[in-house]
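Each chain carries a letter (A, B, C and D) given by its place in the written order, and its residues are counted from 1.
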Amino acid sequence: MSDDKQRLAGELQRHGITRRAFMKFCTSVASAMALSPAMATQMADRLAAIQRQSVIWLSFQECTGCTESITRSHKPSLENLIFDFVSLDYHHTLQAASGHAAEEAREAAMKAHGGKYILLVDGSIPIKDGGVYSTIAGMTNLDMLEHMAKDAAAIVAIGSCAAFGGLPAAAPNPTGAVPVSDIVHDKPIINIPGCPPIPVVMTGVLAHVLTFGIPELDGMGRPKAFYGDTIHDRCYRRPYYDRGLFAKSFDDEGARKGWCLYELGCKGPITHNACATVKWNNGTSFPIQSGHGCIGCSEPDFWDAGGFYKALSTGSANPGSWAAASLAVGAAAGLASGFLNKGAKAEAERKHQAITVDDMRGKSDE
Amino acid sequence: MSASFENGINTLKTLIDAPIAAYFSSCTNCGICAQACIFYTETDDPKYTPIRRVEPMKRIWEQNYTLVGKLKKLVGLSREVTEQDLQNTVELAFESCTTCGRCTMMCPQGNDIVYMIRRMREGLTAAGLAPKELQEAAVRTADTGSVMGFPMKTLQAQVNAAEKETGIKIHVDEPNVEYMLLLSSAEVMQFNEIIAALAQIFDQAGVTWTLSSKAHEAGNPGMHMGASEIEGEFIQRIVDAAQELNIKNVISPECGHAYYAIRWEGPNVLKRPYPFKVWHIIEVLDKLRAEGRIKTTGCETERLTFHDPCQAARRGGVNVPQRNLLNMVTCNFIEMNDRMACNWCCGGGGGMNTIEKAEPLMQKVFHRKRRQIEELDVTTVVTMCATCRNTLEEGIEANNMNIEVLGLTEVVANHLLKEKDND
Amino acid sequence: MSPLSLQIEVAQPKTGMARAVLGELLDHLKIFATSGLTRVIDIQGLPLSDADRDELTGLLGEGEVSAQLNSFGQSQINETRYAGIWWLRHYTEDSALLSELIEITDMPDILRSQQADITSAIEHLAQTIGQQAQENKP
Amino acid sequence: MNEIELLNWARGPGLTYATIIMVVGLTLRVFEILMLGRPHEYAETRSSGVEDGIKMVFKRSLPEPRNWKRITASYIFHVGILIVLLFFIPHTQLFRDVFGWFWNGWPNYIIDFFTVLSIAAMLYTLVQRFTDPARRILSHMSDYLAWLVTFLPLVTGYMAFHRLGGDYTTMLAVHILSVELLMVALPFSKLTHTVTFVMSRWYTGSNLGRRGIKS
């Protein structure tokens, strides 16, 4: 890739994208990120001024769902525009080069933009048995991440796998999969969880990183603009929850009327994400609106948090199954202790000395 | 001398059973039993809260019969019962409790607190801590056959007087009759007109009955102390006498605790059922009334009320017969507010009237009964227990209320249709 | 089988929000008139129910100018009945509403020809002139 | 251990361990009671006492007819906490998951009302523990601890439902943990009465019934 210091503005011209189109794009990104509209023009100016930002996309133990999602992000209809001027120097699926050529491109990009490129990671990193369960060109994901992270300006962990371990880390976690934050500690990490994350969330955060730098993050490294509220907080079915009107099965009267899906396992109350407002497929719908409960895909360990169709208030490890066994153990212990007591009582009865009137005769003159 | 601290603790261990374990497992220290106990309501002294009277037994149960309790003792969370603990409990179990059983009626958990107090007393007696007045009463009863210590010939004298007065033959030691009557010493000494009254009633009803020289005493100091073996000794005398005279029905007289001892505790102390049926005298009179074998005339006109003796009514279960009789012989009978199983105790039962130290407290708690009576402004109180009569009379006198106290049998006898009246 | 109508109409009462927005617009218009300070309000950011939105559109009405921008989907830019208050609606290529704004200004920025576009227009025009010159050469 | 892991532990292993300890502990206590045996009744009884025993198990839940006016706050508390426990819809889901059968819950505003009522009633019972002399003299540390472990679930549940106390996930986890603390405390304190009250009422009811006493 040429290393000329071309500014984005020039890039736009070559693609015949007018400034007006670019302003329209920045307005919608600002709106999606709940930034004030005035920021849109600032964002446009800043974006136009940046050099080609080198982005290296590392795909580790992932299902390419996130890549699929990002290439389909509509909201800023010019998202391919972003990827045009974000010189996506390295992406397994998207780049033409492959094999060693691809690896050399990565190394070249790393050297060329040392300290300035943004590392995008999707997929978790297996560390068991030295990370042999996932390698690229003979190099383990673990080594590659550590190597690439050294000179990265910031790391964006795309998807629940990179952010929290996701499916690969679900029990029994055969490959010892861990999230990026378990390996890299000295670089700012932005987690964009979701399985996959919402397209506009990804491009929105990227735009924010490119223009204003790291967005405000919460305790788990997630941008507050998108992950500050839970689905439940923003869910349009919330009035039904408050009134206690719940669908009991997926095709009963309640479901048809669009009542709350709490009893059908919805994990909305504990899932931080923007699905309820930003929605999916360009604002068409989101899981709850289509009649299925939220499965909490943007929260850590959501695979192991009990059945997707069991209400949030149920035990996720099926405590009922232990009741019978503990009853038996309790009974056995009870019998044992009971016989012990019977023995003690019998012994007391043996030692018992009856009180007779004669015992009391001496009493009267005492 | 087998009474000792060890024997006391040991006895308590033998007495703790499933009900007591369930009661202690359920007690939530809510204090509602206090609201049922006259010793708390009249003194407002929280130390009289009923469940506190059996606290040592709770510890013995927890430390010996539950794993959790054993663990608590091991780690020092639960202190062992000491001799001092038992001595402190004497005041709560004997000197401020008539075993009236009202607390059992109020406990939300359904704990039978008086069931436990009775056993706590047994442990204290086994530890030699029973009040000396009760011990003396037991000695007297064993030696003379009467709680007050009078010999048989005193009773015989009363019987002869009653025969002369009524002209009706009163049998003593007569075999093969319908009933064998027991009398409490208080009746024989203070309310002996009961003998004549019964003679007349039974005569009119054509009932054959006898007294027994070997077992005329109904009272049972063994029960007061909770010394089951001694209680059993006195009960055994009655059983032997009844068998000797081939009696099928034994009458427990107008005496609260006597009825509870002979009717409910006796068989369980002897550990076998009786070869005869036990009746409260009022149950017998009511049976005769129902069979139309008692004819009475007129009725007591003045306003009167009835005091239900705790041991017979609340704990003994005799609640209806006395009302049937009252409706027969009185025409201005007003019920007390709290009555039958929820009546308030007169304060004298459970040995309280014999324990000297308990005297002031007994008088203080009588005010509950005083207010109950004054509330109805009646002139007469009828009851069916000699101890209650004594306590009521003393209390009425002490509070100079002019209320007359009558025994129910006496009232029935006063209204008997005399021979000459019906021609 | 009746079509599964899952689109539920949660009651969208008028909340009186429209009136509040009018108040704010008046303040900004005054500020703009005196100090020339422009202002942009993002409609999507306001908790407007559909009824509120219709009420606001009705209240602001249509002005003399209604422009259409065609670039990566349409954009509809109208001046409302009140001069200086413009209503902008941006749509994507498949005409889904991308964003909706009210701008208090004499001329919304996006309508102006942009500096960058003008410089590139200069080049293109120069090229076409060059081409014309060659075609007209005998 | 972030809040999700805390919640997953609370809903998962935490609930399982608490269930085991509670069930084992309570079963043990019940057996320890039963195996002490009930003395045989030799006296001629007026009734078998079975009917009265069963009746008392329910009748004693009503306050003494004489002192309706003195309904202690604990009656209100018990009614409130049982309604909240049994009819709050998420709770019905838990019971359905554990026991398999299901009953309809009540609307949330009713449950909310009873939660507040129970909290107020419990606070009043705590006041009573100090002001009422009979209660005060009976009260030991174990009573206050038992009060606390019963009080916490009510408060944390209320806070979770109303999204108070910060992040919902954390508060829900804290609520579930407080319930587990209550479950674990059951076999080791006076909270055994939640199970043994049936036995104590049955024994007394049948004893009185045998003697023909209606209580």
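Rule of thumb we're sticking to: a residue touches a chain if its C-beta (ideal position, glycine included) is under 8 Å from a C-beta of that chain, and two chains touch if they have at least 3 such contacts.
Nothing here was measured: the structure is a model prediction, and the numbers come from that model.
Trainee: Tell me which of B-D and A-C has more C-beta pairs in contact.
Mentor: B-D
Trainee: Round to the nearest whole Å and give the separation of the Cα centres of subunit B and subunit C.
Mentor: Taking the mean C-alpha position of each chain, the two centres sit 98 Å apart.
Trainee: Find the geometric centre of each of subunit A and subunit C from their Cα atoms only, then give the gap between the two centres in Å, rounded to an integer.
Mentor: 36
Trainee: When the centre of a chain is set as the mean of its C-alpha atoms, what distance in Å lies between subunit C and subunit D?
Mentor: From the centre of subunit C to the centre of subunit D is 62 Å.
Trainee: Return the residues of subunit B touching two or more other chains; collapse runs of consecutive numbers into ranges.
Mentor: Those would be 16, 65-67.
Trainee: In subunit C, which residues are in touch with two or more of the other chains?
Mentor: Nothing qualifies.
Trainee: Considering subunit D alone, which of its residues make contact with at least two other chains?
Mentor: Touching at least two other chains: 28-29, 32, 34-37.
Trainee: State which pairs of chains touch, listing all of them.
Mentor: A-B, A-C, A-D, B-D
Trainee: Tell me, which parts of subunit B touch subunit D in their complex?
Mentor: 16-23, 25-35, 40, 44, 46-47, 49, 51-52, 65-68, 104-112, 115, 263-268, 270-274, 277-278, 314-317, 319, 338, 341-342
Trainee: Note which residues of subunit A are touching subunit D in the complex, please.
Mentor: Touching subunit D: residues 219-220, 230, 232-233, 241-244, 246, 262-263, 269-270, 299-301, 304-306, 310-320, 322-323, 325-327, 329-331, 333-335, 337-339, 341-342, 345 of subunit A.
Trainee: Across the complex, what residues on subunit A touch subunit B?
Mentor: Its residues touching subunit B are 333, 337, 341, 344-345, 348-349, 351-357, 359-364, 366.
Trainee: Report the residues of subunit B in contact with subunit A in the complex, numbered from low to high.
Mentor: By the definition above, subunit B touches subunit A via 1-3, 6-7, 10-11, 13-14, 16, 64-67, 125-126, 128, 130, 132, 135-136, 138-139, 142, 227, 229-230, 233.
Trainee: Give the list of subunit C residues in touch with subunit A in this complex.
Mentor: 4-6, 8, 10, 40-42, 44-45, 69, 71-73, 75, 90, 92-94, 96-99, 101, 109-110, 114-117, 120
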